[in-house]
Amino acid sequence: MERSALYEQLGIRLDMAVEAHEILRQERNADVPGVRIIDGKHEHATVTTVIVESAEGEQAMGKPRGTYITIDAPEIRVNNREIHQKIAAVVASELSRLARLGPQDNVLVVGLGNWHATPDALGPKVVDMTLVTRHLHKYAPEELQGGLRSVSAFAPGVLGLTGIETAEMIKGVVDRTQPSLVIAIDALATRSVERIATSIQLADTGIHPGSGVGNKRSGINRESMGVPVIAMGIPTVVHAGVIAHEAIAALLQEFQTSPTLYKLYKGINPDALQSIIQGVLGPEGQELIMTPKEIDQLIQNTSRIVAAGIGQALHPGIDTSGWTQYLQ
Amino acid sequence: MERSALYEQLGIRLDMAVEAHEILRQERNADVPGVRIIDGKHEHATVTTVIVESAEGEQAMGKPRGTYITIDAPEIRVNNREIHQKIAAVVASELSRLARLGPQDNVLVVGLGNWHATPDALGPKVVDMTLVTRHLHKYAPEELQGGLRSVSAFAPGVLGLTGIETAEMIKGVVDRTQPSLVIAIDALATRSVERIATSIQLADTGIHPGSGVGNKRSGINRESMGVPVIAMGIPTVVHAGVIAHEAIAALLQEFQTSPTLYKLYKGINPDALQSIIQGVLGPEGQELIMTPKEIDQLIQNTSRIVAAGIGQALHPGIDTSGWTQYLQ
Amino acid sequence: MERSALYEQLGIRLDMAVEAHEILRQERNADVPGVRIIDGKHEHATVTTVIVESAEGEQAMGKPRGTYITIDAPEIRVNNREIHQKIAAVVASELSRLARLGPQDNVLVVGLGNWHATPDALGPKVVDMTLVTRHLHKYAPEELQGGLRSVSAFAPGVLGLTGIETAEMIKGVVDRTQPSLVIAIDALATRSVERIATSIQLADTGIHPGSGVGNKRSGINRESMGVPVIAMGIPTVVHAGVIAHEAIAALLQEFQTSPTLYKLYKGINPDALQSIIQGVLGPEGQELIMTPKEIDQLIQNTSRIVAAGIGQALHPGIDTSGWTQYLQ
Amino acid sequence: MERSALYEQLGIRLDMAVEAHEILRQERNADVPGVRIIDGKHEHATVTTVIVESAEGEQAMGKPRGTYITIDAPEIRVNNREIHQKIAAVVASELSRLARLGPQDNVLVVGLGNWHATPDALGPKVVDMTLVTRHLHKYAPEELQGGLRSVSAFAPGVLGLTGIETAEMIKGVVDRTQPSLVIAIDALATRSVERIATSIQLADTGIHPGSGVGNKRSGINRESMGVPVIAMGIPTVVHAGVIAHEAIAALLQEFQTSPTLYKLYKGINPDALQSIIQGVLGPEGQELIMTPKEIDQLIQNTSRIVAAGIGQALHPGIDTSGWTQYLQ
């Protein structure tokens, strides 16, 4: 029984390309055609780049062609500003690589998600910590020394609280303010508890419908916005269904020593499994999420690092070492 | 020495039409031509309507032609839900009168101001408490029984935190979502301590540049938005300069018994007065505001009443008595 | 393999007596000696009273002798003030029954938990909404008409943020203020997703070490405080380990049709199961909690209902129907 | 007419010793007997020490014998972490000088004030940012390397929300936890707009009844607590009455050139002046406060600096340069 098929039946999306690839590789026990992987290593972070190169890769991964960079930095959990600053530098460098901005390009940072739901509030928090300068460019051009690019930022809220599709609202602002690039920050779901608030995914494909903690109905990408969109996603939750399924899979793994049980394991009906898991989670199961107890503090740390990384990538004229001075 | 002239020199705007009119009447000791006043009385509120009817009225008032309704309800300070509900009903009735909506008209509620500054957070708070339905209309038309109009709502943030002019951002959203009417909620400055968080001004002129607690640079009105805009303003601060000036005026008033002193009072140089007040307030005086200590609680009460009033005006199919059920 | 034994090995406490009893009954397939159950039914709530009557009951349940009342009210999830008010009335009546206060008895309400962690913030939120009157009794006795009892309230914070054991801090305040009764509000863990924020447990035993969302190191009960303590606990989380285990149990249940598999099910080694679950949850598994996405809103609703229930029980002189007027 | 007398009539307390002394010196145009002043200068702060040495000084100042240190650091308004760190070092050094702690002395930090009223929330905010260690000392003595003193911290709330006198609650906790020193953080009123959120007063006299933004009814000092108490006060508001009076005084000052008017100025009846000011402020005038618009951000900055200063003074074993790593 394939995990990817079951997840689909349970309505669990794999927001992170690196996880979708991991599962495919395991299930196939072979490389995934049309997908290329590049591994990198920094002092406080590992960087995995997943490149979806062909229609075959798109089909297998369930994700559009493009580059998906995952920065894993478990030390985000540690309250150490110096390490955080080094992780922010990695974020900045990967973002610069993906964004390829010209010196005159102006950028709109969009923080997706719901202020009032802790694990979904990461996007608005990053917006809050972003150094915006567009109004200075407009009203006081002479003060703009030192490499400050024109940057604007806003948090569009969520459909349930505004009545307006997030993509619609962003498109309205993009049309009026004409940025060269949109950076969209979002909270993601992961299948790995360890990744919560310690991984950052950058994708030059933007955001596609249905992803994220609070499901978006329509995409935020070059097609819908008319300008390039880089998505920065940070996993903040694990769907409860994932944990339920992992537990069952781990149990069945134990049974593999017995040939009878192994047959059972292989033959198990995905529908039966789905109904077991749904029974465990109850009628509200789709909405059940798992977070560590200290999620509020973790999101504070991660938002600060992401905002610092964005700041360094967008305003290269500011001395890197001084970034903590600008952050809350 | 005229108060209106001094306020102008001190950079103090009179956001409330009813106060601008009051001062003019006192200074002239006569009716203001081109301005009509209608007084009303409810159980828990008085309603004063100021109608600016001609170019002469516009000139004198420093406000565009239109209708400005002020609801004064000191009992907002009292924690009594029943009274609050009656005040909300007055808000609803005045808003309906001004808005003249057809049954199919859809409405966008915009909460101006800064989430992170207590006296300027009223607009975003009202948005938070607004019952939005536009997405239901769009995705589930059959559920829409009971007179729920299509309503959307958002808080655009402030220029210093977004880099985007508030008017620009709203115009972008208006262009995409095509509302029939915009209701813009804003925190105002008043010259009367008693009005803080207990008065509500409705104006069919929208919002004009430079008004409000966090000065807007461009207007939010029919000209800029292309659709009618009703401004709902709630005073939350008194400029420190107003208190300083009121103290001086009160002292001079005392002196009027002596003819010598009265001459002094009448002859006093506005520039001298301005420099006295600026000396008292210091270099940051323009940014100094006065609020009651319990401002956080007051703004909570007032936001709830304003949101209830808007809800009743926009969704007449919902039973009035049930409104508290929808409010936080 | 017994669930209760496994939970112990996984470090999962059963905070709710009604759940501990349920599991025991299932495992034994018989009544639990020394434990008596009384069922009740209200319009919007069911009430289950678990009375631990003997040492044998204490031993089996892992809970001290006393009365544990669980109010299950799924409609707390529905945003309807009228229903909430009726649920609050049930809370008030059960609390009165347990508290048996004399007219002169004064009460200290203590809100346990951490302001800064959403699912643990319920206690402090209830304190915030509690009508306190002790200072009025002390300073203005003549105003005290209408049945207002002397009530005080505070939130002691959590050990990690104060450096002071919660019990120590409460004891200090109890010694100074000499209440006749302490009511301690706490967030609990449940094994049932449906109970999150919709059940309320009242216990005349107070709080025992190690229970709650943020584990307390020492008890808050008559022994430690010197006065009676009623614990009011509201489940806000499910431990991730519970979900993992439920999934495995559900799978094994399916296997029961085959005699071979049933043997397997019965014979499975608790240590093996524990290590499977720990493998799934990772090293931070103990700290992993599950909440519904809308937990922030649920906790707001539940706090309001609990505060209203406490208010009605303590201040019987206030007209019940008017309670919503006092709540935020 | 003397300012000090008028303030008393208006119910305006001079929380800052340095301001009380300033006014006395001006009114007397001579040194104040029994009061000694020492001036100091740092790169980013000036330090003024007022020592009340005798009963005569106590009488004149309206403050008990003791040392009152005021650190004025206008650059707290500037968002620059490096400068903030230097100001924190000055706070640390002055606090150490006043506290004279032995290496084994343990300290309780108390944050006075109301979480829910921005200008009064400074104390609780500092507590939130304080590095507490008492529980580590108690439960894990071997980890305690590097000069971490035993420190605990809590925020007792305010009388209106707890029903318990702040002093009573602190005394309860002091009795249980037996600290060698209490440091009580409080928001103060100032008469100088420039001092808001940029000055810090340290006093070895503790806190006396009636001072602070939310008036305390009883003192928090060595007499009431049984251990030494250092008060750290940060001005966050100016009473509206001060501005009103300053405006009048500035006007009258202008009149001094005319002998007639000067006579008037000297002869003016304090009662008349009081009633003028009360007329301007309205019935709620006592509760009217003035703050700069950006008070939320200022209080965030100042809390961080005060918490860092306390941390460095109490935990000298931690490298000063590393303090930003611990702060939020």
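To keep things simple, chains are lettered A, B, C and D as they appear, and every chain counts its residues starting from 1.
Quick note on the criterion: a contact is a pair of C-beta atoms (placed from the backbone, for glycine too) under 8 Å apart; a residue touches a chain by one contact, two chains touch by 3 or more.
Here is each chain with its UniProt name: A, B, C, D = Germination protease.
These numbers were taken from a predicted model, which means no experiment stands behind them.
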Report summary line: Moving step by step through touching chains, the smallest count that connects chain A to chain C is 1
Report summary line: Shared touch partners for chain B + chain C come out as A, D
Query raised in the report: Most remote chain relative to chain B, going by C-alpha centroids?
Result: C
Query - Centroid distance [mean C-alpha coordinates] between chain D and chain A, Å - result: 45
Query raised in the report: Quick one: chain B and chain D, Cα centre-to-centre, how many Å?
Result: 36
Report summary line: Expressed in whole Å, how far the mean CA point of chain A lies from that of chain B is 41
Query - In chain D, residues with contacts to at least two other chains - result: 116
Report summary line: Given the complex, residues on chain D that touch chain C span 116, 128, 132-136, 150-157, 159-165, 168-169, 171-177
Query raised in the report: What part of chain C is in contact with chain A in the complex they form?
Result: 116-120, 192-194, 213-214, 240, 243-248, 250-252, 254, 260-261, 264, 272-273, 276-277, 279-282, 284-285, 287-297
